[in-house]
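Pasting the structures here.
In the two assemblies presented below, chain A is common to both, partnered first by chain B and then by chain C.
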Partner chain A sequence: MNIRLPARTGGQYAALGLLVVAVAALSVGFQDFRTSGNIENLLVQATPLLIVAIGQTLVVLTNGLDLSVGAMISLTTAIIAVTGSPLAGVALSLGAAVVLGVVNGVGVARFKVHPIIMTLATATLLQGVVLVILPTPGGAVAVGLVHAANGELLGIPLAILWSGLALLVGALLLHKSRFGLHLYSIGGGADNAKLAGVHVTRTLIASYVVCALFAALAGVFMAGRISSGDPWVGASYGLDSIAAVAVGGTQLIGGIGGLLGTACGALLLGLIGNGLNLMQVDPFFLPVVNGSLLLLAVCLRRRKELGL
Partner chain B sequence: MMKSDTTLIADKSAAVDRSALGRLQGALTDVPPSVWILIALLVFCVFASPVLLKMPFQLVIFRQAAPLGLAVCAQVLAMRCRSIDLSIVGVFILVNFIACSPAVAALDPWLAVLIPLLAGALIGLINGFFITVVRASAVIVTLATGAILVGIVLFLNSGFPPGSVPEVIKYLGQGRVASVPIAGLIWIATLVVLTLPLHFLVFGRLLKAVGDSPNAGMLSGLPVRRVILFCHIASGLLAALGGLLLTGYIGVSSTRIGADVVMNSIAGVILGGITFGSPKGGLFGPAIAAFSLALLFNILNVFGAGESGKFIVQGLVIAGAALLGGIGTNNR
Partner chain C sequence: MSVLVQGTGLCKAYEGVQSLADVSIAGRAGSIHAVTGENGAGKSTLMKIIAGVIRPSAGQVTLRGKAVDFSSPLDALKAGISTVFQEFSLVSNLTVAETMFLAHEPRKGLFLDRPEMERRAALALAEVGLDVHPRRAVSSLTVAEQQSVEIAKGLMAEADIFIFDEPTAALNTNEVARLERILLSLRDQGKCIFYISHRMPEIFELCDTATVLKDGRLVGTYPTAELDADRLLSLMVGREVEALYPPRADVTGENLMTVTGMHLGKNRKVKNFALGRGEIVALAGLEGQGQREIIRTLAGLEPDGSATVRIDGAGSSCVFRPSGGSARSLRHGIAFMPEDRKSEGLYLGLSVQDNLTLGVHQKQPMYGIARGFPSLVKKLAERLRIRTASVRTTVLSLSGGNQQKVMLGRWLAVEASVLLIEEPTRGVDVGAKAEIYNVLREFCAKGGAVLFCSRELPEVIGLADRVLVVSDGQIVADRPAEGLSEESILQAAMNRSPDSQPVITEPV
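The block that comes next holds the complex of A and B.
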């Protein structure tokens, strides 16, 4: 299947290989790793990162970046915790995500603001709004939502189901729809895409909206998981999701990469945390290992561009 | 474009008026947004809180702005060659850790200042190496080095009791010469020193060319990689100086130092009228931006806006400046 698009694959298979090697090494080295409980735990913990990273992939493929996903996650948990009703909370959050996506998209696509600047500004603004809604962690989340995030179906955690569903939706959008094809073409070269008849502005705005929606869904899951709201819970996800996408072999200049790599990247980052925990390494050391992995990942792929 | 040409032919007098107006408009859009913001803030102070305009307060704000001002200088150099430095927060924390470690505090005062600065330059060199030699994305590289530095310092700090800041660094951060804060003087001196290569040496033109188009620079045989490498080394050094002044100012070892400096430095650059690879724009706009941001935070404190208000205003200001810049380029 991938023979058709070899040039668009990027380093996805390298990420898959790295994931397989890491899983093999940890299963050989640690008996505790092999227990089904640990592996389930790992998958559940990686779920929010995976969901955010799917949306981030779509934006990165257009040669963009969305740093506001972290604040969007925090906003969603805050809204759900404050409103109390899951239906109204989720609906409000999705509405807020559409607004955020449109603002980001219009700034980037229409006014040609650099995505880093635009989404950094909206992330800051949104973080302020979150702190107005919910200054300190707290609030109550409806029982149904807590069950949906932490429950099990036939012995399998529901979280795995949610991440599988998110991956499926992301894959359909990216690989089976015209929208996905247009994302790749814009990432390959926005001017050429425009000449080929792609509505560049519209598609870019849509990509930021979809990314914000995925972030809101990750926030809904987070709210259920911690069963409360936390204005800072999403803070690290902006950068972590970009790390997952980059480790997954998607190139930040756009047009090259995909969701297989992103899934591997998100799982790899989760695996590292899990492995360090098993090795009883100081948790403060985690960012050092993650950062080094990120540097290693970018060293493995040479590109033509200099700078950003 | 077409439209203005036809009016030029149809009605000459109107065209002259318009071109004069156009020139005025051009001159006004060349003024960095930070100047307008500073004017707006000062006018606001006159009516709402005149006490902030008194000289002692202005000098306090001047001192508070100095570390950010240096971080903004660092970010200007990175962004003008189409790169970015997200590792400034890591450098701030590293500098704080090194300056407060007992081994460094026991050394000569000169070395206590020099070693943190060299550490900053080394981080810049590492960033520059990955960006120019490995050709990795600057966002990823500086993000990773920043995360690694923060992690290393937190890891090393978890077992150590916090040390104390050497007197010489406290003096740099808190001292005054005839009631003018030394930190501010260091900032001004740095601006003057930086203006030299940017405006009067070949380096400034190289930077302009590289920022405009790295590929064209490469094809014309310019030392594109060396320019970017040098900018990152200088960026690390300037960030380290900012971190040193902030360490001296707060006077204690802290792992939370400079938590929002990356964000504010980018804000300062944007408000200073500079974006990625922008060919024009000196250090005046960004310096005014750093001062304006410090003044803005003080005003927000006076009115009890709290953390949330600070974030909202900050986000609005950056988005506003960036969008206005976008509208400007769209019309051209």
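The block that comes next holds the complex of A and C.
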């Protein structure tokens, strides 16, 4: 019986199917949806969420989660706006991300603090730091960065390039490197992974560092997008990124799922806002729909379902 | 034969309990070395130290004369020690190839070389004769297939020393034969093989040397040519096997519990039976013939079962129908010990003390203050000889035998009059078995009664006073256990013709 079973796919294809159905339905139902302007807009808007969610996926696959990514995004925009130099700003932000990731990772992996508590604590702490650096939105962002986030190349928004590159890096890490395989093995069974010789603590710390680095990258993009710093701009991304990962069919208990699903999840969440807008539904209704979708995505799957 | 690996004076303590004390062992090239002992004797601990899974608290491992201190199994593997763990050490969400190469994956530049990984995995799987694709998910394999993958993974290593931890428990005869051929060929190549097993035939067919452990201590290392099965067994147990069962009760007086009108569901009527005061009665028969249902009906846990139970206590008697959970039966002094103590019987995360007093607490008012009952706990722990560092230790860290004693102690504490027991000694080592049997006898001598079912016929015959043979939900025979043979039980269990009915002695 040699069935080639793609292991640990999880609900990723369901998420892809849902995305296709949603796009098809909106295309048929609304002429406005089909305009290239709208679709481009959708992709651009989904970019920061997609970038954060890639990092979040790596952490979720180890049966962890990272709530501090939102504060990390805000911190990055604040640093870039305050320093004024994109190079120094980006370098400082990436440095800060490494520190945040190491703190989160050491807390979770070495001192066995629950990921929710650990990253909620660092998120709260970091938010305070952001408010000290930049109490109110403002500051200046270099023109180059603004162009890099808002510009177009051959008629294609550069934002899509950001998403594409982030996805490529994430996919190489997760599906082609030893690091990625070790993340899956920790999610599948940390004790057995350790028995096989995986450096569980080290790998977990690295996963939180990589997650924070992706958050910083999303922050750099955001700074360019809004061409200023904003201490609260990232606030919703902690939970939203986890929602995108879960809607994308990755199991929150770890080990099962991947980036295809996460990309679909992030786009689906963006699409809902867009669709409701086209249907002229009260925007306050959006969280209700997002929450329902998350619940549906999680409920439709049996927990611990492996393999399929 | 030169010594490849040597452990000297190895000790290991977990939470204050010494699980290995001053054990030395030497593995020679071209030898298959059996490591045996009862459950909890320290075999796995000893092998885990050599395999680099755990570090000894004292003692030294030397490899080819050089002292080593492994920090992980991967370290040991790189030094040439390959370990085949039991089947549950694979990572279930990975593919077969991935789990075989986990942590030492072949790479091409920065990235994984999956084709190479799968090619080498396929070769190793073919070696053990397992026909599964390297890209199959581990979670989709049967237990036997997982065990074979584990073996293939261990054999794939370039190692001089192989450790096999009960590799045959999940395998069928063909697979065992194949593994034996592989082991013999490794031996002939001059490898050193440590082989943990309970199975006597394997030890004598394969192994040239046997190291026997007992209670974490070295009993001795012997050439298997100088041993036979009986001698090895008595070395493992450290006492004569016949002394395992305490003497039977002399007189069985009046009935303590009388069961009438029992049904295990529609049209499944069970004959009336009774337990005498001071009597131990076994329900025996082929697997799954209704023994468990009878016990669970009496405990009030079988939704389709019903019965009328009469308890004749000292001076008073009462009649009730067990149903809707164990509370009602318990109120009438009937306590139930399930087979699966880990999920049904004990609170693994709670301490020995809390597990022991739980039954007592159940009798207290809901909002009463939960006292610790330290003197009761101390008395029970001594009476049952529960081996634990402290009564505050969680039962999770106890051996199977000690867990079973804790479960038993809970019902001794509430002074139940009847114990219903599924598999009294499953996963319990021989020493603790004898202690549990003694406690059950003492319990009966004080006026209680025990009804148990067991898959082990020697236990049925050795422990019980009377055996009720169950077949297809019916009690088909009722015999005194004294002088009963395993064959006669099986015969009674399989012959259900009406002619064989007269052997039933109708109680009441």
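As a convention for this text, the second predicted complex is superposed on the first by the 297 of 308 C-alpha atoms of A that agree within 3 Å, B and C clash if a C-alpha of one lies under 4 Å from a C-alpha of the other, contacts with A are read in each partner's own complex, and residues count from 1 in each chain.
Just so it is clear, a residue touches a chain if its C-beta (ideal position, glycine included) is under 8 Å from a C-beta of that chain, and two chains touch if they have at least 3 such contacts.
Bear in mind the structure is a predicted one, so any value in this text is a computation, not a measurement.
By the document's definition of touching, neither partner reaches A:Ser85: not chain B, not chain C. Of the two partner chains placed by superposition, A:Ser27 touches none, neither chain B nor chain C. When the two structures are aligned on the shared chain, A:Tyr184 is found in touch with chain C, with no touch to chain B.
In the superposition on chain A, A:Arg8 contacts chain C only, with no contact to chain B.
With both structures placed on the common chain, the touch criterion links A:Leu239 to chain B but leaves chain C unconnected.
Ranked by how many residues of chain A each touches, chain B and chain C are led by B. Touch criterion met: A:Pro135 reaches chain B, while chain C stays clear of it. In the superposition on chain A, A:Thr35 contacts neither chain B nor chain C. Contacts of chain A with chain B, set against its contacts with chain C after fitting on chain A, overlap at residues 306-307.
Chain B makes touch with chain A in their complex at residues 81-84, 130-132, 134-141, 143-148, 150-152, 154-155, 158, 214, 224-225, 228, 263, 266, 270, 275-276, 306-316, 318-319, 322-323, 325-327, 329-330.
Within the complex formed with chain A, the residues of chain C that make contact are 53, 72-75, 77, 85, 88-95, 98-99, 102-105, 107, 110-112, 131-133, 135-140.
Partner chain C is touched in their complex by these residues of chain A: 1-5, 7-8, 172, 176-178, 181-182, 184-185, 187-189, 192-198, 255-256, 306-307. Within the complex, the chain A residues that touch chain B are 65, 107, 110-114, 116-118, 120-132, 135, 239, 242-243, 246, 252-253, 282, 284-288, 290-292, 294-295, 298-299, 302-308.
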